[in-house]
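Take a look at the structures listed below.
Below, subunit A partners subunit B and then partners subunit C, in two separate complexes.
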Partner chain A sequence: MSKRGWREIPIAGIPFLKSTEYHTGDWKVFRPVIDGEKCIKCGNCWVFCPDSAIEWDGDSVPEPNYDYCKGCGICAEECPVNAIEMVR
Partner chain B sequence: MAKGFVPNIKQLPKFMKEDPGILQGHRACAGCGCAIILRQIMMARRKPIVIANATGCMEVVTTIFPYTAWRTPWIHVAFENAAAVAAGIDAGRNKLQRAGRFSGDKDISVDYDVVALAGDGGTYDIGLQALSGALERWHNFMYVLYDNEAYMNTGIQRSGGTPFGAWTTTTPVGKKIKGKPLTKKPIVDIVVAHRIPYAATVSPAYWVDALKKFRKGFETEGPAFIHAYGVCPRGWRTDTKDTIKLSKLAVETCFFPLYEVINSEWYLTGPSLTIAKNPDRKKPVEEYLKLQGRFRHMMLPENKWMVEKFQELVDENWEIILKRAKNV
Partner chain C sequence: MQKVVKQRMMALNGDEAVAWAVKQSDVDVVSAYPITPQTIIVERISDFVHEGEVDLEFIKVESEHSALSACVGAAAAGARAFTATAANGLQLMFEILYITASLRMPVVMAVVNRAPSGPINIHCDHNDSMGARDAGWIQIYCEDAQEAYDSTIQAFKISEDPEVLLPTMVTLDGFLISHTLQNVSLLPEEVVHEFLGTRKVQRIKVPEIFGDKEVPLMLNPKYPLTFGPLDLFDYYFEHKRQQIEAMERAYKVIERVHKEYAEISGRSYGNGFIEPYKTDDADVVVVGLGSTMGTAKAVVDELRGEGKKVGSIRIRVFRPFPRELLRKVLSEFDAVGVLDRGISFGHFGQVYSDLCAALYGAKDAPMMIDFVYGLGGRDMPQKLLKKIFEEVLEAKVKGPEPVFRIRGVR
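This part shows the complex of A and B:
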């Protein structure tokens, strides 16, 4: 048996696809709808979304991405001006 | 006292859009508090980071083969050795930097921060000796404990982090015992006993405070330890929308006070400092308990003593921290 260095050790499992190819959006029952007129652009929904499903560039009204939103309702609960409604 | 880094909300969304660190489409349960912590670590980055992630919820949900949600170098390690592998990554970085490898290469950076990420099972119970060893060897890394207070991904078994009275599948509510009869392990005390330069507690609800602490952890020369509070709607039997509300209530009832320990000196931060100065702002712990299904048995009239005992334990812990704190 020849000596094996770390370069010859077989590589362990490597996940090779981006998780964005898997759409978690079909888990949800309620979806958030943001009222652009009420929104004060504080960014609370963007900060507290566990699924990074609220897309925001810092200036405009944030937009939920329904492909990945799991419908937990944190954004609607934490919105200081109640601009987000959960719709079935 | 978290000073220095002040996150700019106008620049953070652009930063996270260009380099998200963690992608959408990971399979954490709806309303997962630990996934919010992951995003906040990513928001506080100053350099590229390398993550050693122990087995646990965040490892399972982010890398279901063949998908991965990570956009940073990431290694899955066993339950017990997240800190040991992070120590190895740190040693490797030092060697590469000293040897000047890849110094002319634009695509490869050997200047990065090391993060060890583990849940409460991987820290309180199984990974404690590896953590202690890495702290003693003074490796330059940040250890993030996301504490959801039980072994959630295997089906809600009790851990050292489970609080008094909580229902889990291994501490059921019956005639002999009513939930966990013992208390939560004081992990920050254990870690601070190593006299490390930085340790802190973090609640994702107070996110500016959290980002400052994560950034301080990255900037610390030597080991840093962050105890983050991750609400688990599935295991705690709470409503998914209450995640942030519970993270706030845990701090407001002083069940999970926010503080940081710099070179063995204790400082309260943020809302906990406000409560220390105005004690009437402290909420009764019942408000926190009644939202959670795992404490449902405590709300029955015959188990009123459990709520009182819980309150006693919280007060005791809070008094200890008040005595230690330098800035009260």
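This part shows the complex of A and C:
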């Protein structure tokens, strides 16, 4: 999307998109990849993610949402079975 | 054209005059922290609230930083908000000054000019509000208590104009105006209400969120907006550009509001931006801000009595700086003395450097001399001001050097 000019955006620094449309994770260097074979579905990564960027239904293998994941690696650190690898 | 309304006269000092303006301006929220010489404003407003003479929320806070923050929050909720401070209090607000302007909140603040510490001083100079001149606020410098009253009322109308939406600082010289009694004409309250109306919240379009519907630019659960989020290199500059444009649009609004107010009150201050005094056939003029320019009128009269062609010009609106106007007006004279009750250490006084920038490259630009005076409330008696006028007259013959002069100091 091309960037808008000063005439085309609301004043006062009001965001012009819904907050979910700001992809806050687009600058990450490393992304977490979960190994479904090793994962014990404990939900630790889901609990610890500071950006609520791990999506989990409580039953299946959790999935990182890379739109919002900033690649901090906390999930990989907290995973008790080392099922999460940070990939460049 | 409206008729000038009948007014009552009260003996008020400058602070009280501001408090009366606030009382009459249908203000919703006042949050302020007392500091000399602004204290009387806060005291009078709290008296009005206590006596039930005004229907506003007075928020007591622990600091000026919180006072202005409360005003920003109130204004974001759609309120007409007012605060007042001086010197060190203004400096404690510094972070929020920029935030108020960038969130486009039409907060009005009285700044009772006081020399910043240290050493601690409670008397007048302009270094406090001058330090805040780049924060994005409109600045109006008053000459007396009457003007402080008039300008406070005008400030709400200017700030809240949809073309502007910027906060306004109304400044009055500490003690010289704030604590000296003067006959002040007060408009009837209903006339002020009619002049200002209740604050109308600007409506904006945010198509991606609300479609074609215009939504109020305020904290409103029905149309939720985010105020003050992170704004980095991708859009911060565009938002600053909007502030630059709003300041440019403010010229017209300030002029219009000043004119409309003059029609009901019968009072005007030059054209709203500058107030020339006996400048028509003058060879040299002295330019400055605030109460000193009242003294300057007396000195002009005295020198005119001696056959000298001098005049004075008071700059009333310092931000947005009336640069085109001053460029044109000052080009009429041979020499201009600039009175600065402030100093940018390592440079000139603030008025002088802004005037130099405004007159740069003008074909008939006059020679200009900076006179720094009155720091920390040092008196500017008629005698000293007369000497300054004479120095400017002499410069007309001998040239302007040195252009930087400090007067009234030992």
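As a working rule, the second predicted complex is superposed on the first by the 70 of 88 C-alpha atoms of A that agree within 3 Å, B and C clash if a C-alpha of one lies under 4 Å from a C-alpha of the other, contacts with A are read in each partner's own complex, and residues count from 1 in each chain.
Heads up, the rule we're going with is that a contact is a pair of C-beta atoms (placed from the backbone, for glycine too) under 8 Å apart; a residue touches a chain by one contact, two chains touch by 3 or more.
What you see is a predicted model; the values in this text were computed from it and never measured.
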{"item": "Larger contact residue set on subunit A - subunit B or subunit C", "value": "B"}
{"item": "Partner chain(s) touched by A:Pro15 [first = subunit B, second = subunit C, both, neither]", "value": "both"}
{"item": "Partner chain(s) touched by A:Cys72 [first = subunit B, second = subunit C, both, neither]", "value": "first"}
{"item": "Touched partner set for A:Lys28, first subunit B, second subunit C, both or neither", "value": "first"}
{"item": "Which of subunit B and subunit C A:Asn82 touches, first, second, both or neither", "value": "neither"}
{"item": "First, second, both or neither for A:Arg4, with subunit B first and subunit C second", "value": "second"}
{"item": "Which of subunit B and subunit C A:Gly58 touches, first, second, both or neither", "value": "first"}
{"item": "On subunit A, the residue positions that both subunit B and subunit C contact, one per complex", "value": "13, 15-19, 21"}
{"item": "Parts of subunit B lying in touch with subunit A, wherever the complex brings them together", "value": "9-14, 16-17, 20, 22-33, 35-36, 39-40, 62-69, 204-205, 207, 233, 239-245"}
{"item": "Residues of subunit A that touch subunit B when the two form their complex", "value": "13, 15-24, 27-28, 43, 46-53, 55-59, 65, 67-68, 70-74, 76-78"}
{"item": "For the subunit C and subunit A complex, residues of the former touching the latter", "value": "102-104, 165, 202, 204-209, 217, 225-229, 231, 234-235, 238-239, 241-242, 245-246"}
{"item": "Subunit C contact footprint on subunit A (complex, rising order)", "value": "3-6, 9-19, 21"}
